[in-house]
Every structure is written in structure tokens, then in C-alpha cells.
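Which chain is which? They are A, B, C and D, in the order written, and residues in each are numbered from 1.
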């Protein structure tokens, strides 16, 4: 029977060759870094040294924030109950990643793109475009993705590192400009809510030419390294079924079926 | 209510610091590579330059082998039916990874460790220890993990690259020695079945001091980069529900319930 | 250390008792059906006999539509590559379920609720409210969830069974009324696109008082039965790694890195 | 391009018909129960009334044991971080199910089958065969699957319900006989460790003619109903990212990279 082939512009794999975006993987294996490969897989070319530095910083910064994060906690729970498959535990961790946990990068990239587009289209400054976006979010009572973090009420030190790297590299572009404009507008119109790690990477990834969805994907690729390490620790150091939870019931009192 | 804390020796995260295995993550962000972080998370120290080169080669070599591999095909299927969550698609891809697909590295690391242990314990050569293991697997009709590949009947070129890198780096140790001994024993006693990519990385990872489980984990960390890129392509280039399968029914003929 | 307990109004489990929504699970085990339990878990009371009949029909109708569906195909792919964990294969199948595959029930429940609300609020007939919704979807070029199916261009016979059951049971309410009004409005204003299984269950579930999210959840609960059976067949009848895909590369030609 | 079709003996789906194991699904929708469908999907025929009662009891008994169980806790964690996809949360819950959590049914079915086989082969009583198995497990320091539960140190009341149902139904066969023999042998040779819910269902499922793998699968099918309900509650009653964990670091002290 027939089925349509799975078409791809990413990988060309044959019995004697393996190329990604046209580049020879064997050559990359001897000279490149995994970060080059991650860039190449999601872009159309390898990174420049400056771009590689920024992507490395983002990947390192997001890899692990401790076992209390939903991603690592869920992976440990799965490793606690199901010790037949480390991939099952890693997948359970990946599944906790969404708009609320580590996935705000994508939404922030869309917000940044929208602000830049408005500035161009309406011939207004970044500051005014950012103010408009903040007012709209406030009116709609919606959160501004990429700002605020439940654990770092004042500042996440990783954000400064990322922005310093971006500035030093000469890469600072419209994405970073709009992110800063949004941060200022939020401080003036609501209260100071610092850009978080998702917002910082959103600004940089915009300036590197990645599509918004990559904001989520790079966090997943990064965090899988940490999830994997925590699964290894759970398998080798802890007993199965060791994680128990306090529970409280507040539903209906005992009652009898009428049947 | 109380619950036992999730203990870890990997990450120390506080409001003002973030350390992995005691090393400052902020410093790593400005100077290290993602490969350093992956090494550090699963080991107890950062890699040397030679170790970094080998891990980079393994991570690059396993990242993507085309959308026909179960991992990428399953991720695309999930992205085809469920476009609300890229993490769901990536998790579906991860879940296909087991002993049969990309997970042979761990089993091969155990085999290599067993061979080396026998050689030491019984005072025999690697060749004799390998021959014994091959004979036992043959008698038990079990496969030898790390040897053979469904797509590369002759040779996977990535294997040579890995071994050349290992040799050039001066890192070639007992792991690689035992892997080669096993390959030779298989050729003499069964038929030539070349070491595959899982076997090559198993040999190297053994020599770098990683535990057997890391053989599976590094493949997952590596392949998630490729799965992620294929999910991005599926989301941005293809329509939902575009993947259909030919199906054949060969079960019971139509019959009526007797109730 | 402290953590907030996981609160729930569903289950009260103790060393000597187990109650769901206040009802004794031991008693249910001797007298009830699994469908009663599914209803009770997602509602606040057990079903009446007529409600049980409808939920059974929905659960039976959605359980399995063949291995070509993304849910079952992805589960088989995972079982093909990872034979260490049946739960990994079932999870891979579940992950393909979203708005595009079997998840339209929820969106259709929201559409139906919106139509009924408009009719009430604006004092217009269901027909007029439905016509407005269809026109708006058309203008926005968005699909109407619950209508159309890639495999049944004319009619899905399961839809008639569900509606006949609903009519015979005397349960037909506003949900079914609005679903039929939408179907008619689509036929008049676009082209005849029959209500599919998701749409039928959306109408019935609305009339039974379930929240919109249950439209997705009941499909998952139902389909897991089929996925599980297909995983059992894959494990017991097929060899690992037997599923291969045709692939086509249409990306950049071979090129050399400039580094 | 060509690919082998996905063959199946379970479902025959066409544009005008849908049959499972040869039985008309439309007819089942009007007359059967979801439990009939679950039985039919995993067996080759529908259940008798007595068999249906037992399967219903197993499915009801395993559906939900509170949010503290790894399956439900992991699903809630995923729903807490990723609110884009209920199927992602349900999958995360499913992934925690393995030999250690709810998956012991399969292993216990294998143990029971081994005991019965020995009794027949060696012409010894069930008591002697059970004693031998218990002694071997004790010597190997391995656990006996299907016995003991972390929350019910004395007795799980669901076990009695299942066995009473099995006895009343006249279905009590070799499976139940061997399970009781094992329980007695454990009490005499180690200490009283009551049969748990996994062991009870293993005994019954053996007597109903299901393969060992079904011991895991029926628990997953059953538990998905509870996971789904807990995900619904988490989505509709709780805020995103509300679940936090106490964490303790006990790794290396702060140190500086030498690079």
C-alpha cells in the first residue's frame, strides 16, 4: 500500500551520508559543538561565534533549576513509580512544560514582534508601542509573558548575564530594545516586574532570527539535560515509590447510592 | 502537612545563586558550552577539552537521523493530531526510545563492563572474555547490544569518526578495547556485525567514567534536539492531521453477539 | 519541610475506606459499572440508567477506529522502539490527541454553549444564533469544531446511533437542538458538513451537565481502551522496530561549512 | 512510496462499518457497556455477565486512590505547568505507572502461571509449588509482586470484595488458588504480607484467560479515568504553577572552574 512520504528539509540520511541543512554531520562531529547542531537544526545555517555564545548561555541557563521545578519533580515521580524506562520519566518531565512553566519564551517573542511591527506600521517610538501593549494587557487582565518569576521576586541573575553577553557581542537589536521598552512601560504603568529568563531569551532569539515557537523549544532542549541528570540521580540513589504527598479531602460527606 | 524534601546533589538554587555540582552557572553561561553543562550535570566535574570533543561528537551524531526514525515519526504524528503543545509532541518522540531504538548504549555499556570484569577476575585476555560473552549470547539466542543497524548493513560512518576521535585524543581505554574484542569475536563466531553508533558511544562513555544508564540518557538528550527541529517543521510547514497510514485487517469475520 | 497538601473533592482514601464524591467504592465494585465510576469521577453524582446508556455509547464509539488513527499509530511506534514500558506506548498515543484528533468535543461544547447563550441573551431563535456563529467562523476562516471527518465524507454511522439513543431516552435538550441548528446553518451557508462523533458527544454531554473540558477527556478515557489493546497486539504479535517510514528530503543541497 | 500496512486483528473500520473482533460496534453502542468493549478489545469475545461483573469491579477499584498517588500527582504537576493540553497531563500520569506503581499485576500473573505450571509439571500440590517460589524469591532477595501495599499495612478492603465476587460467581479457578497458596507460603516463611489489589486482579485475570501483560494494561485503562477527573479538577479549580516542592541540596560545596 502507499502512503505519502514524510518530507523534510532538515535531514538527508542515506547509507553513506548524513547531512543536516546540507552540512556534513561527520565533519560537524569532528569540529563542531552540540550547540552548533542545535542552531543548525532549527535555523538554516550554523551560528557565528557570537551567536554560538548566546545560544550556549541560554541552553546552560535553562538546563536545571532544581528538583522542585515541575519538570524535574514530575520526572522524579515517574522514575519513582516506573523504573522500566528512563525515557518515560524524561517525557513526564517534558510534559509539564507549557505556557506557565518555561514556555513563556514563545509568547514573549510574539509580544516583541507585535510591538516592533506596531512601531513600524504606526511610525511611533518603541516606548509608545510598548505602553500601548501594556495598557491593553492590563485592560484584558492578561499576564505579560516573559516578565516576573515565582522564585525571584527581585531579579533573576541569569537575565543580566544574558543581556550583558548580548550587549558585549554587539548583537543587541530590535528584540532587546522592545523587551527593555516593555519592561519600562510595565514599571511605569503597573509596578516593576523584571524581565525573566523567558523574556531575555525571547528578545535575543528574536534578534537571531528564530521563529516564535523556538522560544518554547529551546527551553525544552535545554531542560531535558537537567531532567535527564535528575532521573539518573533518582534511579541510582533513591528507592522506588519513595515520593509521597500530603493530601486533603474537602468534598462531599459520605452518602449512599440510591440505586 | 509535612513531606520529605526532594534531595539532590546536582543543583543548588537560591534567590541569588545557581550552582551545578558546586560550579557557578552564571560563570558557565559566559564561558562554557552546553556540552560542558551536560557533562557536569551527569558527572561530578566539567570535561577536559578532549572529553568535551568526544561528547560533542556523540551528541551531534545522534541528534537526527531523519523523520523515518520512530522517535521523529512519533513526534510528527503527535504534532499532526495535537497542535496545542509542542512539549506533547517532543514527549511522544522521546517515548519511542528504548532498548530497541537508540537505547542499546546502556546495555552495551553493561556488556563491556562485564567483559572487562571477567578478564580481570579470571586473568584471561579481552579476546577470550569477549568470545565467552558472544558464545553465551548465541546459546541464549539473545542479541548483542551495540552491534548491527537496520539501515547500515555494512558500516555506519559515524562509528569510524567516533573511534578516530577517541584514538587521536589518546583516550582509548578498556571500554574501546573490549568493544573491538567483542566485534572481532562476533565476526569469528557468528558473522561480521559491525559496532553501531550505540556501541561506539558505549565504549567511549565507559572510558570517560559514566554509569551505564548514561548510555540511554545521552541519546535522549541528543535526539531531543532533532525531534524538536522536526516538530518545528511539522508545526510551521504541514497541515494538521496530514499523516495517514495504510491499514490491513486480518481478524475474525463479521459475527453477531449472542446476548 | 512543609508543602501545601494536594486538595481534592473527588477521592477520600483512608486505611479502611475509599469513597468517590462521597460514595463507597467497595459498594460500587459489587453493584456498579466502570461507566458509573467514570461519570461519578467527572460529575457530582452517579448517572441515571438513561444517562449511563448514553455515556456507554460514547465510550464504546470512541474506543478504537483502527491502527491508522494517529493515537494508535503513535502508540504502536512507541511499542515498536521501546518495549520496556507499555505505559510509555499508551502515553505516546494519548499525546496525539488534541483539538485536531478527537479533541474537538470540547471546542464544540463551547460553541454550543455560546449559541444557546446568544439565543437567550438576544431573544433570537436557535436557527438565527447558529447562522450568526457560522457566518462569523466563515469570515474568520476558522473551522467549526464537531463538523466533518477526514474518513467519513458522507456520514459517520456512529452519529445516528448516538442521536437516536438521545431521542429515545427523552434526553434531547438544548445542546442537541443547537447542534442540529448549527448543522443546518452550515449546510445552508457553506455546504453540507455532517456533525461528526465529536460534535454528537458534545451536544449530549452539554445536555448531561458536563463542563466543556470533559468533551476532550471522555475521548481520551475512551480511546485509551483501544490504544491499550493495540499495544498488547504490537507487543505480542510484532517484532521490535518493524515500523519503517518512507522519507523524502527536499532541503538545501550539500554544502560546506565556512569555518 | 510503499510502506507495510499496520496489520491488526482487532478493528475493522470502513466508511460504512466499524467492527471490533468481528462484532458490530454500532450494536454494542446501543446494548453493551464500556466494560464489554474493554473486554472485547483485549480478548477475542465479549464477557459473560459474571466475567463483566469481575472486570467492572477491577476497573472501579483501580480508578482513583487519591491525588497523592504518583499517577495523579504527576498529572496534576503537568496540569499545573502546562495548561495547553489535557492529554499532556494525562500522559504524564500514565508514565508513572510501572512495575512499582500499579504495574505489579503483570508480574504477579507471571508468578501465578509459573506456580501452576510447576505444580502440574512436577506433580506437586499448589502449597509446595508456592513454597518453592517464595523460598527462591527470598534467596534472591527479590520482592513477590502482588503482595503488600505502602498504604494498607494490614489489609486493602478492595481485595476481599474482589475475592468474594470471584467466589460468588463460581469463577474461582487455579489463579485464585495459587494466589492464596502464595499468600499462605509467604505468611509461613517470611511474615504475613496480604495480597494487594494487583495480586487480586492478577489471580482473577489469569482465571479469565487474559495474557500477563493485561495485568498492567487494565490498571492503566482503569486509572486513566481517575487521572482524567483529577486533571479536570486541577484545570478548573486551581491556579497554574501552584504546586511547589520542598528541596534539599546535599552535594558539593561551591567551587571554581579551573579553566
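One rule holds for everything that comes next: a residue touches a chain if its C-beta (ideal position, glycine included) is under 8 Å from a C-beta of that chain, and two chains touch if they have at least 3 such contacts.
Please read all numbers here as calculations on a predicted model, not as lab measurements.
A.B. asks: Taking each chain's centre as the mean of its C-alpha atoms, which one ends up farthest from the centre of chain B?
C.D. replies: In terms of C-alpha centroids, the chain at the greatest distance from chain B is C.
A.B. asks: Over half of interface residue numbers shared between chain A and chain C means same, under half means different, so which is it?
C.D. replies: same
A.B. asks: Taking the mean of the CA coordinates per chain, how far is chain A from chain C in Å?
C.D. replies: Between these chains, centre-to-centre, one finds 29 Å.
A.B. asks: Could you please state the distance in Å, as a whole number, between where the Cα atoms of chain A are centred and where those of chain B are centred?
C.D. replies: Computed value for the inter-centroid distance: 23 Å.
A.B. asks: Provide the C-alpha centroid distance between chain A and chain D, rounded to the nearest whole angstrom.
C.D. replies: Distance between chain centres: 35 Å.
A.B. asks: Got the chain A residues that touch at least 2 other chains?
C.D. replies: If we look for residues of chain A contacting two or more partner chains, we find 1-13, 28, 32, 66-68, 73, 82, 84-85, 87-88, 91-92, 95-98, 103, 243-249.
A.B. asks: For the protein chains shown, what form does their contact graph take: line, ring, star, complete or other?
C.D. replies: Graph shape, chains as nodes and touching pairs as edges: complete.
A.B. asks: If you look only at chain C, which of its residues touch chain B in the complex?
C.D. replies: These residues of chain C touch chain B: 1-3, 5, 66-68, 70-71, 73-74, 77-78, 80-85, 88-89, 91-92, 95-103, 150, 240-241, 243-247, 249.
A.B. asks: Any idea which chain B residues touch chain A in the complex?
C.D. replies: 1-4, 6-13, 15-18, 20, 25-26, 28-30, 32-38, 41-42, 55-57, 59-61, 63-68, 73, 76, 85-88, 90-92, 94-98, 103, 151-154, 157-158, 161-162, 164-165, 211, 213-214, 216-217, 220-222, 224-226, 228-233, 235-237, 242-246, 248
A.B. asks: Residues of chain B touching chain D in their complex?
C.D. replies: Residues of chain B touching chain D: 3-13, 19, 21-24, 27-28, 31-32, 44, 46, 82, 84-85, 87-88, 91, 95, 245-257, 259.
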